[in-house]
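Which chain is which? They are A, B, C and D, in the order written, and residues in each are numbered from 1.
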Amino acid sequence: MEIPVELLNTIWYICVYSLMAIPLTLSYRISKVLNFAHGVYVTLGAYTAILMSAAFGVKLSPFLAVPAAFLVGASISVLTDMMVFSPLIRRESNPVTLMIASMGAWIFIKNAFYALVDILQKRWMTSLFYTSPNIDLPAQVAIAGVELNTRLLFVVSLSAISLFLLGYFLTKTRLGMALRAIADNLDLAQISGISRERVMLITWLVSGGLAALGGFALSLFTYVSPELGDQMILQVFACSVIGGLTSIPLTFVGAVIISSSENILIVFLYRYLGIELSFRPFLSFFALLSVILIRPPAGAGGGLPYRFHLRGLSIQKKSDS
Amino acid sequence: MGAILEVKGVKKSFGGVEAIKDISLEVQKGSVTGLIGPNGSGKTTLFNVIAGFYKPDAGQVVFDGQRIDGLNPNEIYNLGLARTFQNPRLFPSMTTLENLMLSPKGQKGESLLKAPLKRLWVDEELKHASEVQELMSKIEIGDLYKTTVADLSGGDTKMVETSKGILGGAKLILLDEPTAGVQYVSGRSVFEHVNMLRKEYNLTFLVIEHRIDLLFDFTDYVYVLDMGEVLSKGKPQEVSKNPEVIKAYMGGA
Amino acid sequence: MLTFLVIGLVLGGAVVYGALTPTLGQVAELNSKINQLQQQVNQLTQITEYKIGASMPLTGELSDIGVQWRTVLEMARDDLNAEMTRYGIKAKFTLVIQDDKTQPTEALKTFQMLAQSGMKVIIGPAGSSQVKACKSYVDDNKIVLISASSTSPTLAIPNDYIFRTVGSDAVQAKALAALIDTQGVDKVIVFHRDDEYGVAFADFFGKEFKNLGGSSTVIKYASGQADYASEVAQLSSSAKQGGVQGIVMISFDTDGVNIVDHAKDDAFLSSLKWFSSEGVQGATGLLTENIAQFILKTDYMGTRPVFKENPLYKDFATRYKAKAGADAPVFTANLYDAIFLAGWSIVRVGPASGEALKSALPEVAKKYYGASGWCIFDEAGDKLYQDYSIWTVKSVSGKNQYVDIGSYSGGSITWG
Amino acid sequence: MVDVVSFLSSWLTLFGIYAILALCLDMEVGYTGMANTGLVSFFGIGSFVAGYISLTVFLSFFGYSYPIYSLDAVIAIGKISGSNPFLSIGVFLMSLVVAFVVSGTVGYLVSYPTLRVGPAFLGITILSFGEMLRIFMKHFTPTGGSYGLLGIPGPFGWVSEPSVKAVLFLALTLAILATVYLYFQTLSNSPYGRMLRSIREDEVASLCMGKPVPRIKAQLLFVGSGISGIAGSLLAFYQGSVSPDMFTTAVTFEVWSMVILGGRGNNRGALVGAAIISLLGWSSSALNFYLPGLVVDPNYIRWMLMGAVIVIILLYQPKGLVPEKPVQTKAWSLFETKEEKGILRKAETAVKRAFSWLAGRSYK
């Protein structure tokens, strides 16, 4: 039997987007940083495998590539936090400042990485600007008579496992509960006796690593370039915003919505309304805006005066700044 | 002297939690009316409803013979009902002067079109400035005009917040725990100023306050809230004798 | 505030003064005359150093091929200098390569910087939208712009300062249509990027293919995306419905490789014949094993502006390969010749006056036969005789490579 | 042997255009705390409006009927652009005005969602709006779709000498910049500016003081976007061509870094920032020019610097190079003159306190 390719793509993208967007939601919920540098972690994750396979010139085992990508993404994200975010948070800067800072970090890391790739490319005499890692996976595998793409299976299981682990970590472990406690309000966390700094560190570690995995997953599916993060970041934001930037399950829903709108909805629009295919990126932004308008994310606190009349959110200073 | 503010059967609940079950109260013109009750008894929620932050689920709020429930905070302020916050909300990195200069209503200079033409608003500005000066000297912070509000002492901050209402030509001012975050000894002086201002500008105050001693000395009438309802009301002395008040209060605090 | 105004006035004054002085009557002419004499004297006495500017897409959408072009430029510079010493001309050329990020405004900035450091001839930029961004500046300031890869017919404007050492897409569209016609395909889908290059090429191709009795429908995709999986899926299904025999892909390198990479997993698309323009040629992505198989299956062919029956080109290609370790990608020959044209025109009339260079360049080109064949310009300043070769990817000695399997010149295709 | 004149003129012109943008952004971010990350879309609208109007007017005036993005149109414009000074300048001024109105209106409309989502999310909202707009423009044929517009006749097409032309345009740009600067300066030092700042500090409190916060924000987005539109039309005339690809988010971030560097809530700071950042661009080119063949391409270094500047400034000099000052209205004069009285009052209060202490009353 033949599985329609639109569906397969949608599945790919659900995995990729959820791997990228859920950590974004997590980090925003806990640190209140609208992190634009998130895209960089994605790029780095994708390139870890590429650079490794290029350096050793061998087929890379996925079970080596995954932890490597995770580590790279995590370390860079933790570094960003230590050097940029936590000092600012300690100074109780407002979210806008944090957002700008993240943009700065993004531009810096991206171009530093660009320079690195450029140099390596000159050294190794191979094109690294637009490529895909050389991963040791068979192309097809037959399960119950259905020819399935091994990489797809691999990515699906990868995202399923890592998201399950994340869920377990957040709900079952003491640390994870402390994380959620901090997200909701500080006092609880103080009670649970886990320092805020430590929790932040864990958060950034996890989110950076997962984002990197997302990048790696995408690089299995398609050719990537150092621009990857920039090209994806807005769609990823769209997923998270649909999740209100606070709820992880809803973020997953967001991933489903965006990926199906990009892979299935556009097809219908094209076939039955004659809308050009090149409007595809338009759809994600449209989804983003409409969601923002219909249901302002709780994290946003809502604008004035809607905040009070529509949602009756807390008006204590905490919610504003 | 009649009631300047009437709250009639106001209800407000957030996601099933009834913050205010059913509250009705009256504030007489020119009085200082106290509002006490244990934490979570709905005092601040009531303030937020009166000040237009929340729309009441039921009931109405009448100010000066006009319904104000459902209006936006800024409209209510312009009707002459000002409020302060438990943890003061001034504009921290702006100077005291700027903070106070913000309060007069309907300044010419605050319209986009008039603002660039100085001569249209400069006289008015000076007028406001002199008022501010006068008031600042009354509450004895005249020399603090160029300190940023963030650096003011607790008591001064409270006074600045109160006087903002006055400059805005408010008839009724809601004070949310004016002595919170103020040294115990100077709490009294805050109320002395409140009293002084009331006489000067014939104002009315509705005060949330925990310190019973101050309530005795300074308020004319007291409402005791508990679990989102009016537990009892009357002159401070009577109320304080009411056993269930004591019970509720001790229980809450 | 005041201080700012004062500064502004002072600067403004200085600029006005500086601007007006050279325009005072004959002074300018005298100066230029003196300069030229100076140049000639210098040439006779000691080696004069000339700078040629270049604005290349080292980052951004064309980055993959842009960095390869950088190598070509350096190679051309060295060859040019060698030639100078061979002819005993005491001139040495140095290149100043600037990144324009494949972005219009950046390209303009780059041009201004280069021009202001005294260069009157500047190679690049790559994209047509970038050339447009620079047009009014170069026309006003009499800077000669030589682009080796802007092929948009909307820039075929007579007597401006824009020269293009590559034929307009109008011709290539014709070549591609002819190629497809020879393959016995008469119903295709043109799958093209939504930018200037793609749109224009698709228009011309449609017309030309119609003249040859074919019919084509158009699908446009958004450029600059991370991935084109969904577009390819749609392409496949509309190909099924349309019952077409071929796909014509008009893309740059990054997006093109991505599209092919997805198409190779699609059974139906792999059963069609694939054609494309020069945009994707030279992208290293197409050389990977499984894509090469797809190319074999679909006997993928494309046109590209190079005249391969040309000893100079063969020589150039081999030397490039020796230097860069890869096959010469698209437009390299044109780029190579652009440098030589610029160099020789400078030698002829000196680097001082853009007008002189503008008039000299076509003269030089008339008599110049280089790696890209005859470099003669038409009245719009575009390459007049552009031959096209037909490229594909083949495994040569166990290694996938771009090979040219035929050529299109003078309206007819010759194989082999 | 860098050509100083044309260097100054070209640098200062682009500086002027970007400085206008920076001033607008500073008004929105620095004073009012609206994180407008979609600035570039209003910039783009302005330039497209300018290009569209000038081309259409010119072509119709000389009785051509080509579509404005066609090759014939470009060639025709090339012939006629220089012929009529009054037309050139008139069209220029007209398109400035229309650009202001159109971009302003769009900004005003965009303000609705931004009010809806509140401060923290304003950024992402406008950002995605800008991207949507860009994609739309690529399909919008009246302005050439992805071809964009070419050969936009500048206001000084009739001047033959290029350097004079450049200088005239520069003067025009700087004049507009100065006007915008003066306008914003007076605006920010008026009660209106004070109100804006209060909104930035704490919009809820500001609302409680009778300030119609949503309306003010909308007004400001109208003005800011409108003036960004003017900057955009300046760019269109300077560059002579516009295409949708010119208006990527990168532009917005560049302007942002200008404002951050210069100092938020301070017009002078915005100018300083704009000057420095635009110089940074040139300097990287200069680096590339004088020592070519570095291991790391200077362009990467330049952008790394750009990012580093933002972060470092936020970390170590949060107020920027030129920190903001209190709003300077006439009110101050009243107080400053009363300084010595202030001292007297100090003494007076001191005495009072002493007595009250003696009287044993607790006094603040």
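FYI, a contact is a pair of C-beta atoms (placed from the backbone, for glycine too) under 8 Å apart; a residue touches a chain by one contact, two chains touch by 3 or more.
As the structure is a prediction and not an experimental result, all values here were calculated from the model.
A.B. asks: Which chain would you call central, comparing Cα centres to the global Cα centre?
C.D. replies: Going by the distance between chain centres and the overall C-alpha centre, it is D.
A.B. asks: Can you tell me which chain lies farthest from chain A, using the average of the Cα atoms as each chain's centre?
C.D. replies: Farthest chain from chain A, going by C-alpha centroids: B.
A.B. asks: Determine which of the two chain pairs, B-D or A-C, is joined by the larger number of C-beta pairs in contact.
C.D. replies: Of B-D and A-C, more C-beta pairs in contact link B-D.
A.B. asks: Would you kindly tell me how far, in whole Å, the mean C-alpha position of chain B lies from that of chain A?
C.D. replies: 46
A.B. asks: Distance between chain B and chain C based on Cα centroids, please, to the nearest Å.
C.D. replies: One centre to the other, that is 72 Å.
A.B. asks: Take the average of all CA coordinates in chain B, do the same for chain D, and state the distance between these two points in whole angstrom.
C.D. replies: 40
A.B. asks: Would you mind pulling out the distance in Å between where the CA atoms of chain A average out and where those of chain C do?
C.D. replies: Averaging C-alpha atoms per chain gives centres 37 Å apart.
A.B. asks: Can you list the residues of chain C that touch 2 or more other chains?
C.D. replies: In chain C, residues 58-59, 194, 222 touch at least two other chains, as defined above.
A.B. asks: When you check chain B against every other chain, which residues touch at least two of them?
C.D. replies: 72-73, 89
A.B. asks: What residues in chain A touch two or more of the other chains?
C.D. replies: 114, 118, 276, 278-279, 281, 305, 315, 317
A.B. asks: Quick one: which bits of chain C touch chain A in the complex? Just the residue numbers, please.
C.D. replies: 58-61, 63-64, 67, 194, 219-222, 224-231, 233-234, 236-238, 253-254, 257-258, 261-262, 265-266, 283-285, 288, 290, 324-326
A.B. asks: Mind listing the chain A positions that touch chain C in their complex?
C.D. replies: Interface residues on chain A, with respect to chain C: 5-6, 9, 12-13, 114, 118, 121, 125-127, 129-132, 139, 149, 218, 221-228, 231-232, 262-263, 266-267, 270-271, 276-281.
A.B. asks: Hey, which residues of chain D end up touching chain B in the complex?
C.D. replies: Touch residues, chain D against chain B: 183, 186-187, 190-195, 197-198, 201-202, 204-213, 219, 223, 326-327, 329-332, 334-335, 338, 342-343, 345-346, 349, 362-364.
A.B. asks: Write out the stretch or stretches of chain B touching chain D in their complex.
C.D. replies: 51, 72-75, 77-78, 82-83, 85, 89-95, 97-98, 101-103, 105, 107-112, 115-116, 118, 121-122, 125-126, 128-130, 132-133, 137, 140, 142-143, 145-146, 153, 155, 164, 168, 185-186, 188-190
A.B. asks: Show me the residue ranges of chain A that touch chain D in the complex, using the header's touch definition.
C.D. replies: Result: residues 34, 83-84, 87-88, 91, 93-97, 99-101, 103-112, 114-115, 118-119, 234, 237-238, 241, 276, 278-279, 281-282, 285-286, 288-289, 292-293, 296-297, 299-307, 315, 317, 320 of chain A touch chain D.
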